[in-house]
Structures are given as structure tokens and as C-alpha cells.
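Below you'll find a set of structures to go through.
Shared between the two complexes below is subunit A, which has subunit B as its partner in the first and subunit C in the second.
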Partner chain A sequence: MEIYSPLFGELLAPKYLNWLIQGFAVTLVVSALSCLVATGLGFVLCLGRIARSRLIAWPVRSYLSLFRNTPLLVQLFFWYFGASALLPDTLRDWLNTPHGWDLMLFGLRWPPFEYIAGFVGLTLYTSAFIAEEFRAGVRGVPVGQVDAAAALGMNRLQIWCHIVMPQAVRIALPPLLGQYMNAIKNSSMTMAIGLAELSYASRQVETETFKTFQAFGIATLLYIAVIIVIELLGHRFQVRQLALRPGR
Partner chain B sequence: MDFSVIGNNLSYFLLGAWPNGPLGGAALTVILSAISAIASGVLGFVLGVALAMTQGVTHRVLLGCLAFFRAIPVIMLIFWTYFLLPILFDLNVPGTGTVVVALSLIGGAYLAHSVYAGIRSLPPGQWQAGAALGMRRWQILRLVILPQALPIMVPSFINQWIALIKDTSLAYVIGVGELSFVATQVSNREMVFPTEIFLFVGGLYFTFCASLEWLANTAARRYTGRPSLS
Partner chain C sequence: MKKLHLVSLLALAIASGVAQADRLDDIKKAGVLRVAAFDSNPPFGFIDPQTKQIAGLDVDYAKELAAKLNVKLELVPTNPANRIPLLTANKVDLVLANFTITEERSKQVNFSIPYFASSQQFLAKKGTLSSADQLGKLRIGVDKGTTNEIVLREKYPSATLVAYDDTPFAFTALRNGNVQAITQDGPKLVGLLANVPDKDKYEIPAFSVSDDLIGAGVPKGETRLTAFVNDSLRELEASGKAQSIYDTWFGPKSKTPLKRLFKISSK
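On to the complex of A and B.
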């Protein structure tokens, strides 16, 4: 049977394994950078969302609704094809030409445009979800805490910094890790704009070698491995939290 | 901005090549979403009940399988179904079928946990009271537990379906002519108006998802007395 031989054929050549590992590295770097920036942006968006001024709250609300209710794929297409058409010519040319900086030992290269579009798309999309997780964290802090702090004579800024925020962040942490996992999985969509991450690499290897089972299998295992690592980190954090909780 | 490109291709965006060719565009997106929503709902319900009614090894094997589907990106699962379905069933599965299978599996895996969590959210006293009345486990589930647990699950079902509508856009990677695929086709053909095209297509998806989200919030207010957080 011709069709079964690629299924159980020998392992991939080192060259193709290398492609997959490089793709995996790209997935990790792009997701990590996106998560980092999206966490900061999501925090600021959360502050805007719960602001008392409607002038701030409503634009943020629309941002969150827009970015959460459209597919990431379409957003990526927009940033890759659509936004580059909107940019002024000089800026677009600058973004498209390679630049380099030499920082001591590391040479830093300006990434190709699909990397910028992919990073921007993934970051903005993730930030909208992270903002809602932070907001859920803030809502999880009992109102009595705020009242008690006010009774102690704290002002609003003090209450926010010393009472609400530390508890809100702690509540939001487990769902936040869930969003980081989503970001890693969602980074696979950047393959549609040609970013050479893990899914892209697995497809590339598959078309060149016809070893579908190995190519997709290795990529799948790598994705599962990262998810398990994050899951374990979250578990360790929760165990520590339970141990720290007073009265137990 | 020149939105005439939208007007010129409107029927292609909405219906694809239909009636002269296969149905595509927004209509195909709606059909893909509807079929996968039903399939994932049924699958999620059955698996969630199975999680609640099993113990020991069966329970853990089931959890492991669900964890697999929740851990891998939708794109990877679409690749897998695209590659494995024809081998497993020895027939030519069309792209739309592949996508429906992949989305139903992923949606079902997520919903199974919502159903399981909904059932577990009820106090154990409900089970004990049912047992005290002489009911069997399945009777308790059907007559006591589910009538209370189902309303709690409604918002998570709708939220999962919103995610599902967005995920139908991934049918693009295997060349199914749904809305995002049609959008890139028109964009490549016209060359000059990518911004307008993707804004319009994003707007269409937004209309679908935001109306469902509004429904989810209404349902959440009605069934649990507070708006959903997501």
C-alpha cells in the first residue's frame, strides 16, 4: 500500500527536524513577546474599562468588543495587507527595508514585515482578552475590602494600589495563564501571513517530505509540551497560594 | 477609502459563486458555524455528562483525551483531520466536512468541561436527596440535576459558539471558500483596496459575534442574575 509507507516511514532527516525546531523557536519568541506587551496593554485597558469617565470607558469598551468579536485571522490580514496600504510611503519603505543594530555580541536584525504584522495582530487581540481577565479579577475583590480601607482613612489611590490591585492580580493569574496558552495556540494563525512559525514549518516539511505523520506529530507534541509546562507552572503557583493563605 | 469595491463584489462576499457555482462567502460561514455549533453542543453535552458519571480510569482517560483537543491549535487539528479522515474512512472528504469535524471536536472538548463544571456546581445534597427518595443515578441526573444545571451552562455554550464562528475563518488554510477565503481572493484580484475589504469582512464577523455576545449577556443576566464576565 503506497499510502501507508509515509505513515510509518523512518524519521525525518536532520534538515527537516531543524526546520521544525526553528519554527518552534519562532512560535515561542513571538508568543512570549506578544504576551509580555499584551499584559501591560491589557492592564491599561482594564483601567480604562472601569474608569468612571465615560469619555475613557466607552472607547475602551468598543476596542474590547471589536477585537474580541472578530477572528484573529481577519485581523492579521488587516494588519498585513490593509494597514500597510494606509501607512505613509516613507514609513512603509522603512519598515520593509532591513535594518541592523550591533549590540555588543548580538547583532539585532529588523524582522520582515510579516513578523511585525503578526506581532501587532497577536498582541492587540490577546490584550483585549487579558483586559477582561483583569477586570474579572477586580470584580472578584469583595466590596467590603474597599469599604474597610476607606474606613481606615485611605484615599482612592491608596485603596487601589494597596488593597484592590494586589488581590485582583492574584485572582486573575490562573485565567491569565489560560490566555497565555491561547496566545501560543493562536500564534499558529500567523502562518496565514507567511510567518515561519511551528505550524508553517510542519506544513513546509510535510509538502517536501510527504512524511505527514511525523511532521504534524512532532509539531503537535511540541505544542502540547509548552501547554503542559505552563499548566505545571500554574499548578505550582496555586499550591503556593494555598499554603500562604492565612488560617489554613 | 473607496468602498465601491465592496458593492461591486457584494454577492461574491455574501454567497460566493452561487447560484452558478458552489455556495461560499458569508453564507458558507453561517452554515459551517451552525452545523459545528450543533455538533459541538451535542458532543460537549454527552462528554460532559460522561465526565460527571464516570470514575477512576475511564474518567481519567476521558480527561486526557479532552486535554489533547484543548492543548493543540485549531489549525493543527484541521491539518490532522484533513490528512487522517480520508485514510480512516477511505473516502474523499470535502474541505467543508473536514472543518466541521475539527471544529466540532475542539468545541465539544471545551463544552464538555463547561457541562461537567455546571453539573458539579450543584451541592452534593441534591444527589443525596435524590438517592434518599429511591432514585437511581441516571434518574437523579435527568430529573434533579440537569434541570438546574442546564440554565447555568447557557452562557458558556453561547461564548463557545462565538469562538466557533471566529474559528471557521481557519477553513481558509485548506482552501474552503468561506468569508475570509473569499476576502483574500477578492483582495488578490483587485490588488488596491485591501483595507476596505478586510474592514468590511471584519465588520460582518463582528455583526455575527456581537449579536451572539449580546444574547450571552442577556441569558447570563436572566439565568444567574448577573452579566457574564467574558
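On to the complex of A and C.
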């Protein structure tokens, strides 16, 4: 009777595929939002890190080492279980109860606390890495160029905007994409605080169907698919950059 | 592992050869009732630190059965995995070790009528949850990969389930207000609650959504022994002895008070 290979068994029922797709959507949304905010925050942190004033540079340094040198899982537990215990009761209750706002055409819903804690944890963690990638980009611009610009009479803002920044961003872009990929993979850790993303969904499907290989196999394929998309984007961007670069 | 397998096969072969022999008569003749019980699963079966003997709810039932037969009780410590092999290998006469009655197990051993139910219950802040109808509107913390999660999703699809790695995590989420209730087997919830510093803020509402029925394991085909255990259990309920055994371990004065929802019936 068994016509399927024992490895795959029967295919997953649509209900379970649907769970996986929903989880995948959550993974994408949480990772995308985190990456977006972390990029902005990382940029600001980078500026702080290379600031001449120690009053700014040192707190940023501590932030970076704190978030880069502790496991993400512990940070997520901190935001979900630890930090929420410190919040005042009224704020905590507000965060935990569903809220909705009806805007003209569409409604906004306040997400459950897992989403907030997961988003905050992932964003702060990723921003620390992104800040360092930006800094590497800035450091990658030869000092001679800055000196030359100064010699031409450009002020610091002009040097920053016209000389350093454009090149730094170009240098930082490939590792930045790498950090985005990491963020997507790291988002799987939020399953530990009950965020129903792809890994959480795959585990749930496994629990109910016992189709271990399929549940985790499909999740793996979905992760690979999104990583490949980012890689392709990065590749295309680099090709275009090379083509645009004059004199090559 | 392999050795055990061989032994049990051999035992099976011998047992089938002498199928007409009756275990109940053997027990009476030997004057000893051999019962497998847990030695590290309080309050069902555990080593009492004072007496250094195995004690617990399961053990109390075993004692009553031995007393009724007027024979000595010999307790054999077991772990969950050895419960069926001990029976099939004729090492024990009965298993009373929080033994959940399942269809799969019934193919290998006989089960008595249930004498305990490990019910799926809820833990919530006092006054927030009183009946099962409310469950559909709540956010409920569950342990990942447990049957509790599956049962709840089937029966209350509108409830929002949040799965955590283990019960202490789920409880922290309840404490922080991230979920309004958590679910687990009742005995596990009282065990958890017993160690909580602010336990008066929480309660285990007196309802359950599903029952894991616990019965005594009897060697396959021993109908007279099974009937004896069933009759004895019914008598224990009728005489109030079953209630007093329950109260010893889960009564209001015990360390882990849990309302008794299940009573032995003639099912």
C-alpha cells in the first residue's frame, strides 16, 4: 500500500502547510521590520562610535559590546520575561491587551507582546552588528582622501557627505546584506518566547503530525529561499556598482 | 537492551505454555504480591526521605490490594519504560505507576478500571477563570510539543495559544500577564504552584478539559486478577478509603492541594 518513500510519507495536509506559510509571513515581517529599524539605529550608533567626544563614544562602545557579546536567546528572554516584569502594571496590562485603531481605510492592531519583545530584541541585537559594519565601511575609506578633501577646503560635513559616506555605504553593503541574512536566521530564536514564526510553526506541525522530515524540511527550504533572494539582490547590486564605477 | 528483549521473549514463551495457570492463585500460594511502582515521581511513587521506603498514592493502593489478599507486599521500583516489560516478563504481578490507559498499551497488558485521572487543568490569576466556556477568549500558555496543546487547539480553536519551552517559562509569562492562563496536567500544576512564593494570587479552577485515566497494569489475559483489582478498587471508593488516599496526597491539608474531580466508578 505504501507507495510514497518512507522518508516523505504522506504529504502534509493543507491546514499544516497553511501554518507554515503563516509562520513564514511572520518571519518575513519581523525580520524586515527589525532590519529596517536596526539599519537606522546602527547608522546612528556608528556615528556615535566614531565620535570624537568620549562622552558619546564610550556609552556607545558599551552598548555595542553588551549586545554583541551576549547570546541573542538570553537577550530575548530578558525583553520578554525580564523587562516586562519591571514595567509598571498599568503599562504592562496595556501592552498585553489587544488594541485597535480604525484609520480611514484600514485598521491597525496592536500586536501581542511576543511580537514586541521579539522585534525589540532582534532589532537591538542586529543594530549593534550593523553599526560595526558601517564603521568598517567608514574605516575602509582611505585617510588620504579625507586629507585631500580638507586640503581642497571642504568642511567636515562636506567631507562626510561627499567623500566618506558614499564610499562607506558601498563598502559596507555586502556585509550589511550578510547581517540581514543573519537577522532572518536569528528570528527563529524568537520561538523561545512564543512568537509564532516559521520555526515555531514547523515545530507545531511536527508535534501534531509527527511528520518530522517534512515539517522541518519545508521550513528549511523557505529559509533558504529567502536567503537566496537576498543573495541575488546583493549580487545584482554589486554588478551594477562595478559597471557604474568609472575607469574600469 | 538486547538481553532484556531475549528474557522477555523467553518469559512470553513459558507464559504461553502454562496459560491455564492463574496468577491470582499463584499470588495467594506464594503469599506475596509483587507490584511495580515509581520511586522518583512524587506524589505517585517516591522514596520517602524519612522511612527510606517507596511511598505515594500508587503505593497506598498497592498496600490496600495486598491487605485484601492477605499477602505481603513486595514493591519493585520501575521507570516508565520498564513498566510493560516487567509485566510481560513475569517479574511483577501488577504495575501501579501512574500508568495511563492507552489503546496501544492495552494490546500488551490488561488494565484495571481507572483509579485516578491526570486531568488537563488550568492555572490562572484568582478570579479570572471559572469555567471552560471562557477559554475561547483567552491567551493560554502551553508547553511545546505536549498533548495539552493539541487537545486545547481541537476543543477551543478560538483561544490564542502561546507555546513555551517548559512549564516554568509558561508560568513566568502568566505572572507577567502575557497569557491569562496556562495549562498542564493538574498534578503537575499543583506541584508547580507549591513552590511559588506568591501562590495565594493564583488558583486552579475546578474543571478539566480532558482526562488521562490511570489504571493498574495486569499481565495480559489474567482475567481473574483483573476482576479482583476492579472489585477492590470499587470497594475502596464505596468505603471512602479511595477518598482518604487521595486526601493524603492531594487533600486540602497536603502540600499540593487539588480538588478531586475524578471518582472510581464501575466503568
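The rule is simple: the second predicted complex is superposed on the first by the 239 of 248 C-alpha atoms of A that agree within 3 Å, B and C clash if a C-alpha of one lies under 4 Å from a C-alpha of the other, contacts with A are read in each partner's own complex, and residues count from 1 in each chain.
Just so we're on the same page, a contact is a pair of C-beta atoms (placed from the backbone, for glycine too) under 8 Å apart; a residue touches a chain by one contact, two chains touch by 3 or more.
This structure is a prediction, so every number in the text was calculated from the model and none was measured.
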* Using the touch definition from the top, say if A:P166 reaches subunit B (first), subunit C (second), both or neither. => neither
* Which partner does A:D93 reach: the first (subunit B), the second (subunit C), both, or neither? -> second
* Could you tell me if A:P59 is touching subunit B, subunit C, both of them or neither one (first, second, both, neither)? => neither
* To do: Mind working out whether A:M189 is in touch with subunit B, subunit C, both or neither, as first, second, both or neither?
  => first
* To do: Could you let me know whether more residues of subunit A are touched by subunit B or by subunit C?
  => B
* Counting only touches as set out at the top, which of subunit B and subunit C does A:F113 meet: first, second, both, neither? -> second
* To do: Applying the touch criterion given at the start, work out whether A:E132 contacts subunit B, subunit C, both or neither, answering first, second, both or neither.
  => first
* Partner chain in contact with A:I224 - subunit B first, subunit C second, else both or neither -> first
* So, A:G40: does it touch subunit B (first), subunit C (second), both, or neither? -> neither
* Considering only touches as defined above, state whether A:R203 meets subunit B (first), subunit C (second), both or neither. => both
* To do: Using the superposition on A, tell me which residues of subunit A are in contact with subunit B and, in the other complex, with subunit C.
  => 81, 85, 192, 203, 206
* subunit A residues touching subunit C - in the complex, by the definition given at the top -> 80-81, 84-85, 92-93, 96, 112-114, 192-194, 196, 200, 203-204, 206-208
* Please name which positions on subunit A make contact with subunit B in the complex. => 3, 7, 65-66, 68-75, 77-78, 81-83, 85-86, 132, 135-136, 139, 181, 185-186, 188-189, 191-192, 199, 202-203, 206, 212-213, 216, 219-220, 223-224, 227-228
* Of all residues in subunit B, those that touch subunit A in their complex -> 68, 71-76, 79-80, 83, 87, 162, 165-170, 172-173, 180, 183-184, 187, 192, 194-199, 201-202, 205-206, 209-210, 213, 229-230
* Asked: Touching subunit A in the complex: which residues of subunit C?
  -> 139, 141, 144-146, 149-150, 160, 162-165, 169, 172-173, 175-178
